[in-house]
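Per-chain numbering from 1; labels A, B, C, D and E assigned in written order.
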């Protein structure tokens, strides 16, 4: 009974926690970038203000039901994937779902966005979405490969179990240590997944005026913002769980997330963005072979 | 043909040092003579150091321009200026050519009647003329025969007369078309001195 | 810098070092950041220093500065009641206004923030405290090395002392064309001079004409208010130059010399064609003017223009009065004087010289044979100091001697002479005598003493300086005590130190230090401490006429209590030439008013004319509206309706403009800026045209009303003409905006 | 009656306090005042301190900065953009040109007073305003939003006819594809007039 | 209708966009778009990601300067000419003043000429720093604009100190400049120069040697030298094509012929070399300013001119050229002997770069590089619009 209440509480509060962490991560990201740019930067919870603002705006533009549904897909995909990611104190669903589910769920937002933005019929949005789908192939393949590698290595496709294994074995069993190739490949893929420079082709304000977001205003944008913040948490936590040994407690998890995010932000703030084709080429040239070699190595039992 | 000449002149355009370009009128005289030889036009003269100018008939301008281009080596069309001489009922077109080789500017001036303002284009010789001519067409209404693109550009939302013509009075137009503000300040307060706006940093209160 | 072709992947990470640095950000607004020393921020204006010349408004390329009359600021010599108001919806903070400010009163502070949704708050009246009543350090300020104004005069070439001290040849050479244009170009056309000029001459206009090299136009502008420009161009007391806004920081414009240049440039035989004054045909009314001095000549000129038969009575053999008999030739050559006078005479004025009213002909007879009489007899009686010894035959009055010089009569010129007086007349006689001395004895030995000390001597500075150059010895600040006479011969003048001339209230009340006595040697003493009028010719009228103090009481048109008698010139105001001319001009209008039985204050007020024109215009409009109503709905009258429509629009716009002019409390000043001068100043000339106008409805109304209406009609016609020009329409639109403001200021 | 969307309840007030910390301005350089925006955005003055960021599309923007003069050609675009922006939205006029034509007062190509065409929250004096003044303006805007005073945008719904007329006077009729009366209904503003 | 859609930054659909079957569609960039420099628009026809046709649309910043100048006094125009090019206003002021000086035969004091060179070069420096930021922005490297634009602010501070205005200086007058140096100004200029010079290695590390910049900018918008000259390219863009033409040298004005500086050239003539040529010019400019500070003589800074309200410039015409940060600047001034110029024609540096060359270079470029290309040409829309 107790566990049922706990579960319900978690189901209700977990997204909020994820959102809160996302807000702080987002705020930290902006603060960090600002400091690299020699300026003070916004408040730590600036994304929170942004969300409130956006949700309170009049939203008079809808481009049909598909547009609205796409947003549901966007948010729900991220939320669902959230539940399948084990975090300290909550791994109920992640015991049942495995990598495949997570990867599947993570695809939903991109597809949803593609459907919705296609409906807005804005050429910038269309270009953005076509880029997004292209990039999906760019980062998803190496990422999936690293998943596979880790699964093969540990003999499980469950992220929960993976975390358990790494937790019990200490640092020496962390994915990044046991399989640095996969870890690095996944890091590149993560950079792409999180849409950070140099893989920021989807938004690219100077080229296609923020692409998919061009037509999004008010609450639509607010939803996207929430999704983005939760996504920050989701993606970073996946990586942390895979390669950084998950976490015993929230403090450890947050610490790992911040470290990881700092790494990504550092790259983000000192590089420009690739052209789409260059980004693809890069993804297929570096993380993909790395991941492939890693997987092959595991298959051959080198790992 | 253009490309050949072009290469002939650009092969080593720096025949003389820029320092030598100051002062000595010798090269300018040579250019004047070269123009004279090439076109038979004797009215070009030295106006200031590195500035040669002269009038030319509107129907002979293109010939002169192409000769200037090919024989005297003025590869750079710096600008085409148009002046509306309302009193004389004429437009004056001034073509400014610059020579990368001789560091000298030739201004060829030609006059055309205001009513039927039309000129052959020089955009076949100088690509930049495309813009200059389009601009003059837009601002003065001069037609450049042979220019492929005289569409409205800057003034694409404009349906009045060509605005740079002297008989278009801009302040009158502005007055008729736009709303000017009628200030109604509180004069009593104003004369006493100063507003007390809600914002403003620095300074000390009086 | 580029060590490999592909660029670096790792080096960009060096940028992360900024994480350890302090951010570059300036924490505005929590920390106020002050602008630089020269920052072109908001304006401040020292209202006491500001003279309201409006030069800032003229230089402003955005039409952002407007001059508005300010409560509590009075117009005075060299100042107007106007102060600049700046539209921050126009201003571009170029600071041209600061750099050109004639007084340096307009400056900028370092204040730069003004946020408001109320647009009226962007229309600011800069005072010492700026826009928010806060003190800020000064920003951009005028620089004394770099300012736009030409603060220095074009030097006037003059004869050196050695060339001039023995002859009566004119000293000042006059401007060349180039010099005159250069000098004229210094003018900022503020109009302070016009306000200061007793005659209200159109100074900026004629300076502008000189600058444009349009000499006939300059002449016409001058003749509008001054028929003796040649004379004034030489000897005017030039209040205008005292008022000149350029004089605040530098040297005033040589307005007098410019006037002289313009008039010299017109040959006398071309006056008629160039000045081209319209003379109305005589209607038979005759006027007598006693005294052909500046005032008399001026009155004669304007009266003859208006179609009166004018007769000038002059006691001296030639016309000119004080200008001929009081001013030495080296300052005003006689041929120049003749040029002016001849032109006036040539317009049809009858001149009777050697006719002294009172002896040769009586005032009574003039009264009976002329419709109106103007007396302009001037001040031709020298005042005596009254100190012991003045009854000596070798004590002279300057005014008599000057006349003698002109008339080439003999009088004693001694080796040592003393002149008492510090005014221009004293200087005139002193310098004339010096010339005589030089001619006779080869050297100058002449002492000028005056009550006033050097700094308050009423004579022109340049006169004093030139006098010194010519060898005259000055002893200012000395009061005459006694003319020392030995053996019936003058030995010298004993003087005491004058400790003050005026008391605290500015009244003449000299005090002397009797212990400080000096004796100035001289064989001949000339008194030149002022002149008095000789009013003996008044005869029987002397009792019946009303007085105001010692002067005859007159109204604003110089009409005395005997309504046929007008008193003008030095005997009523002044004394100086330009005031005389001004009184003549005004009195001519008064005479006209009087003879037409019109209330004097009615006709010449332009507001009135405007009002009449306005009502006339309204009538016109009503008629058109009526006609339109009739025409409407009738297809055969369609064409007419169209015409009426355009007509109506025209009338409407004219009405609007008249309205704009009317509501302005000081229409003249605004009109001066917006309309050509003809409309403004020549309202007088319109009156001359009365009879030629066809007013068919005049049967039942008095001639006065007719003339008022006709004058209005003439003005109205011209106004309408002008109002139809688009340029004007635009400027008047702005003008009207100003009117609204000024109305508010005044209410 | 005149209660506005931003001032309905105490809860609303709290949200408004949070909302004011995030303002996105439209990245549109309408005139020369825009040259002072890069310094304002970047390290030296850093407007992100106040949660203000440039946004490239009007859908997401809260602030429209009219940085100086507007040519008629630009005004047409500005009106389109303004109508695309989601309420509440704020227009800030930069410098003289937006108030009374500025130095282009006699130009045939520029409009003279901005508030004839779109409602303006407030103006900044200057030609052009310094970054300090711009920051000052932003904080002023933030304060106003917090106090619920920044309601100029409602004016566009209230007086749509007036603005429309003036707009059409300078550039004719255009289809902006934005249903202003519908928006007005949403904000319960249009009904006041009916 | 079609042109109205340009307004909303492509946020509405163009009619052409539906015809995806033939794989060509239209895309508007601007005028409200961060990818264009200023208020400017590009009408692109795309096939896939590649631009097949490009048209520019200007006039959003048109104010009719040339007309306005005819209605203002000679001196009043000083306040408005600087508005023609916002990031680099001083060549306008200087050109305008020099045109009047040529017409009226006015001599400029030597100190003023040096100060003018100083102001022009500082302005060039500021403009280049601005361009670096802009160019970096187009590839998404936002750290660079934050650095370079805030460093540019130091130069603006200098301007404020010298001229009283940050952006618009209204400082060059016919006959000289409006004010002399404030006390200690020269040393502060040196400080700023040292500072900026010290920042250049940081820029190199972050930006100019950045792998991604090279990847993106090298080979973009190649404009061969012959083509560049044919199309009337000027200034840094021409020098990036390997042709060493610089008005400062070839048609020397003010005191440039007394100063030593090189004309840097590069030969690749792509977006990267156009950027790098400006990087090299920054070094040149710093050198020039140092020379100015060393050589500047004492003396007056302004030759007294007549009362501006009544100043007639002798009739005649003159064509003055100068080298702005964007290319060749020229003013053609005609005076009829009145108080106002009869005609002033402004040849902005960007009239060739921003219209014709940009349109041509865009063809064949990918959509990603469109704005980078525009920024590499450093086309300044207000110069085109005037």
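Going forward, a contact is a pair of C-beta atoms (placed from the backbone, for glycine too) under 8 Å apart; a residue touches a chain by one contact, two chains touch by 3 or more.
Just so you know, these numbers come straight off a predicted model, no measurement behind them.
Asker: List every chain that touches both chain B and chain E.
Answerer: C, D
Asker: Which other chains touch chain A while also touching chain B?
Answerer: C, D, E
Asker: Measuring centre to centre, with centres taken as mean CA positions, what chain is farthest from chain C?
Answerer: A
Asker: Tally the contacting C-beta pairs at the B-D interface and at the C-D interface, and name the larger one.
Answerer: C-D is joined by more C-beta pairs in contact.
Asker: Among all other chains, pick the one whose mean CA position is farthest from the mean CA position of chain B.
Answerer: Farthest chain from chain B, going by C-alpha centroids: A.
Asker: Among all chains, which one's averaged Cα position is nearest the averaged Cα position of every protein chain shown?
Answerer: Answer by centroid distance: E.
Asker: If you average the CA atoms of chain A and of chain C, how many Å lie between those two points?
Answerer: Centres of chain A and chain C (C-alpha means) sit 85 Å apart.
Asker: At what distance in angstrom does the C-alpha mean of chain E lie from that of chain D?
Answerer: Centre separation, chain D to chain E: 30 Å.
Asker: Where the centres are mean C-alpha positions, what is the separation of chain A from chain D, in Å?
Answerer: 35
Asker: Quick one: report the Å distance separating chain C from chain E, using the average Cα coordinate of each chain.
Answerer: Whole-Å distance between the two chain centres: 52.
Asker: Residue numbers in chain C touching 2 or more other chains?
Answerer: Residues 12, 15, 23-25, 28-29, 35, 61-62, 87, 89, 92-93, 113-116, 119, 122 of chain C each touch two or more of the other chains.
Asker: Indicate the residues of chain A shared as contacts by at least two other chains.
Answerer: Answer for chain A, listing residues that touch two or more other chains: 34, 36-41, 205, 209, 214-215, 269-271.
Asker: What positions in chain B touch 2 or more of the other chains?
Answerer: 155-157, 163, 168, 170-171, 181, 198-199, 201, in rising order.
Asker: For this structure, give each pair of chains that are touching.
Answerer: A-C, A-D, A-E, B-C, B-D, B-E, C-D, C-E, D-E
Asker: In the complex of these two chains, what residues of chain E are touching chain D?
Answerer: Those residues of chain E that touch chain D are 1, 4, 6-9, 11-12, 31-34, 38-39, 59-64, 67-68, 71, 79-80, 83, 86-87, 130, 133, 145-147, 149-150, 152-153, 156, 166-168, 382.
Asker: For chain B, which residues count as touching chain D in their complex?
Answerer: Touch residues, chain B against chain D: 155-158, 160, 163, 168, 170-171, 173-174, 177-181, 198-199, 201.
Asker: Along chain D, where are the residues that touch chain A in the complex?
Answerer: The contact residues of chain D facing chain A are 5, 15, 18-19, 21-24, 27, 42-44, 46, 48-51, 55-60, 62, 84-88, 178-179, 182-183, 186-187.
Asker: Within their complex, state which residues of chain D touch chain E.
Answerer: Counting only chain D, the residues touching chain E are 26-32, 34-36, 38-39, 42-44, 54, 56-59, 69, 71, 73-74, 76-77, 80-81, 84, 103-104, 106-110, 127-128, 130, 174-175, 177.
Asker: Name, in rising order, each residue of chain B that touches chain C in their complex.
Answerer: Contact set of chain B toward chain C: 169, 171-172, 175, 181-187, 190-191, 193-206.
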